[in-house]
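Pasting in a structure now, in structure tokens, and then I'll have a few things to ask.
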């Protein structure tokens, strides 16, 4: 966490809300959905920040904000010290060469009618990078780097397996020499025996090219494997952040505790006491007052219902947003 | 739900305005009614007088505004040919048209929907292939060709049925069959694909896994879902009850709205043409509105929406 | 343990128009009364097809051969009526994506009531009261009001609870749960698995749990069958399978899973890709990816052979070890 290098990516109090129309009443009524609400983090070059949470927690919105695909309604994103420019501008397109994205569904990200080698070269042509003659050589280099040989150059997406397609997507993302790769559930759609291949590949590529990853996943085990730091999100806020091993062995926030205990474990000896949460996560439009987790929290006290906890360091340096974890649950402040 | 209906109502009114404007523009562009009705060699004073009495001497935009104002008051003008109110002329033809199109619609529904369901349930079997073969034949043969072939066989060769006119219900048989065939073919094809789509859904497997007999899976679970897309095409057919018989009425000399339209267009009888178009647009729009309401009734997802969370 | 359901030599061929593709190559599974059997495998391994075939739910393009017996009664080739009496009543099934597994145009109450009418002759008020009790049983709060809801008004977890309530309506002897939590979030998955455990404990129901997630089956099964490319490659009591896997594919899967604690190690990935059913390699289907492959592996498919008490594996190395 105390990385000496200057941060590559900084998110400061990042917020994004959406106007939605909700059911109820004759015409429904407008409401505001706070998809991301005051998220801050740093990412240093060559390192990985894992972003964990369930559907609707705002992790994908955070990724889109980081890339500048969405404009924040509050806070800012800085890349190499400078604010990320508005989407669509020339400066933004220049910047996008340095930050690339990899999605869950590799087939959807590829064009079925074009040989995959062409698609790997495509970003070079779009950004006018490299001499025309060198592009093919560069694409072959990257195919090699992602573990696919030159023989794959002329194949079409449907001729490849899911894992091979994700490798193509990675090769294409890397051809412009980015420094940041945002990966949104990059292995969730893959078969179990293939997931490990792609995780290893991501680690190798990081070591080889010095990439930083913002790695979004719902799978804590995978996140632990790949991340230097993990942030757990719940209803648009980071509730706990820190070293992956600390966070998994001794989660501080009750939500992290529930997430960790929910991981099915193959080896009986490693099983933990199960903590089953009640109910579903609330609709983000109906964010509960106080700590958004309190209606499902087994440890909630009166204060949690009125007072939103702040994300701040615990004695071991890890960050948590929980009155109970900070031992401040007793000092109930009753605000009118 | 109310919001859903009100947006559709506004859209319906806009559609009608658009059709009225379209009719106005097209007819003004396509020739001078004075010259057509009075013949080009009529004395210039007569032509001038005709134009004046119909307001054709005014600027186009003024004609347009007056025309809209009149429609809003319910005045659709008079026929330029015989001076009778255009609305009366159209309304007295409507029963004749409906006498063809309603039986034809029933024919489409009674043949098309069951044929489509049957074909879907016997996918890729002989019954399916034959049904689809007839279906393709049914909607690729133009109705005037089919009408003429039917006349050739049943009137000219066999002498069983009359080839035209409107003297008794027997005269209606050939036009109704001609009208119904293409529609039944389209409907069969549409119903089949809607059913196939639904039969591939996980909830059909759930219904079978529950222990329901196949016929109940089809009736209770597949049909209500397949009805959702099918209602659209049926709505379109209902919407064309008034306008859908132009060609067939001409082939069988059936004195309905369609023939009135053909004659009125040939004569540049603006008021009559506009009235018919307005009438057709209104029925179309009403049918669409009904379909939208039916959707809400069949598909609970349109009635009660949940706010989706962000990812 | 008394046998409830036995599959013997089950094969499934799909007619895809221009040719026939074999998806299942002779599967034997026995489920005892009250037993929980886990079926684990990757996409295309045939784990779902196995149980859809057993219940005759694969549709007209599948040809199923072999034998499926329920308490001695043969189900394969049985008349439709006999199968309908088994489905939902003796063997119930729940599926992966609960939102699309429920009919969008019918209310929850009606969909549960349908099963109650079918299997227990309940209708009207009695069916409604029982449907309410079932929703209560599966942990849905405010059950009375939920009966009039449509599936799209409920969350994924709630819909899966409704599916389970519907499965319980017939008071079945066995529940086949086909990836019941794959489409759900982690904390909701924990809730649903907990519910399934509780139901089994209370009712003595047998269960087949189909999943791609070794952790999910490990925590919820007495015995596990590992499937690969349309065959069972290993079968063992749960603890034994994880302690001493005998098939290289099983060991490979275990080595490829990231750990939750302990030192971080580089994952040992299984190389290559899962073969497509239409292009299976000759001999053992895992041979091209196997780290300990022998020349003989490419010549013949190894049969499932005993590798200890209740433990069987389909690998030539097992036979050699036993012979040695």
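A, B and C are the chain letters, set down in written order, and residue numbers restart from 1 in every chain.
We take it that a residue touches a chain if its C-beta (ideal position, glycine included) is under 8 Å from a C-beta of that chain, and two chains touch if they have at least 3 such contacts.
The shown structure was predicted, so the numbers you read here are calculated from the model rather than taken from an experiment.
Student: Name the chain whose C-alpha centroid is farthest from the C-alpha centroid of chain A.
Tutor: The most remote chain is B.
Student: Which pairing of chains gives the most C-beta pairs in contact?
Tutor: Max contact pairs: A-C.
Student: What's the distance between the Cα centroids of chain A and chain C, rounded to whole Å?
Tutor: One centre to the other, that is 32 Å.
Student: Between chain B and chain C, tell me the centre distance in angstrom, where each centre is the average of that chain's C-alpha atoms.
Tutor: Chain centroid spacing, chain B to chain C, equals 52 Å.
Student: Would you please write down the residue numbers of chain A that are in contact with two or more other chains?
Tutor: Those would be 55.
Student: Please output the residue numbers of chain B that touch at least 2 other chains, ranges allowed.
Tutor: 304, 306
Student: Mark out which residues of chain C touch at least two other chains, giving numbers and ranges.
Tutor: Expected reply: no residues.
Student: What part of chain C is in contact with chain B in the complex they form?
Tutor: Within the complex, chain C contacts chain B at residues 52, 55, 57, 80-81, 84-89, 92-93, 95, 97, 100-107, 114-115, 118-119, 150, 152-153, 163, 166, 170.
Student: Would you mind writing out the residues of chain C in touch with chain A in their complex?
Tutor: On the chain C side, the touching residues are 42-43, 141, 155, 157-158, 185-191, 193-194, 212-216, 218-219, 238-239, 242, 252-261, 264, 266-271, 273-274, 289.
Student: Show me the residue ranges of chain B that touch chain C in the complex, using the header's touch definition.
Tutor: Of all residues in chain B, those touching chain C are 201-203, 205-214, 220-221, 224-225, 228, 298-301, 304, 306.
Student: Can you list the residues on chain A that touch chain C in the complex?
Tutor: So the residues of chain A in touch with chain C come to 54-55, 161, 163-164, 191-197, 199-200, 203, 218, 220-222, 224-225, 245, 248-249, 258-268, 270-271, 274, 276-277, 279-281.
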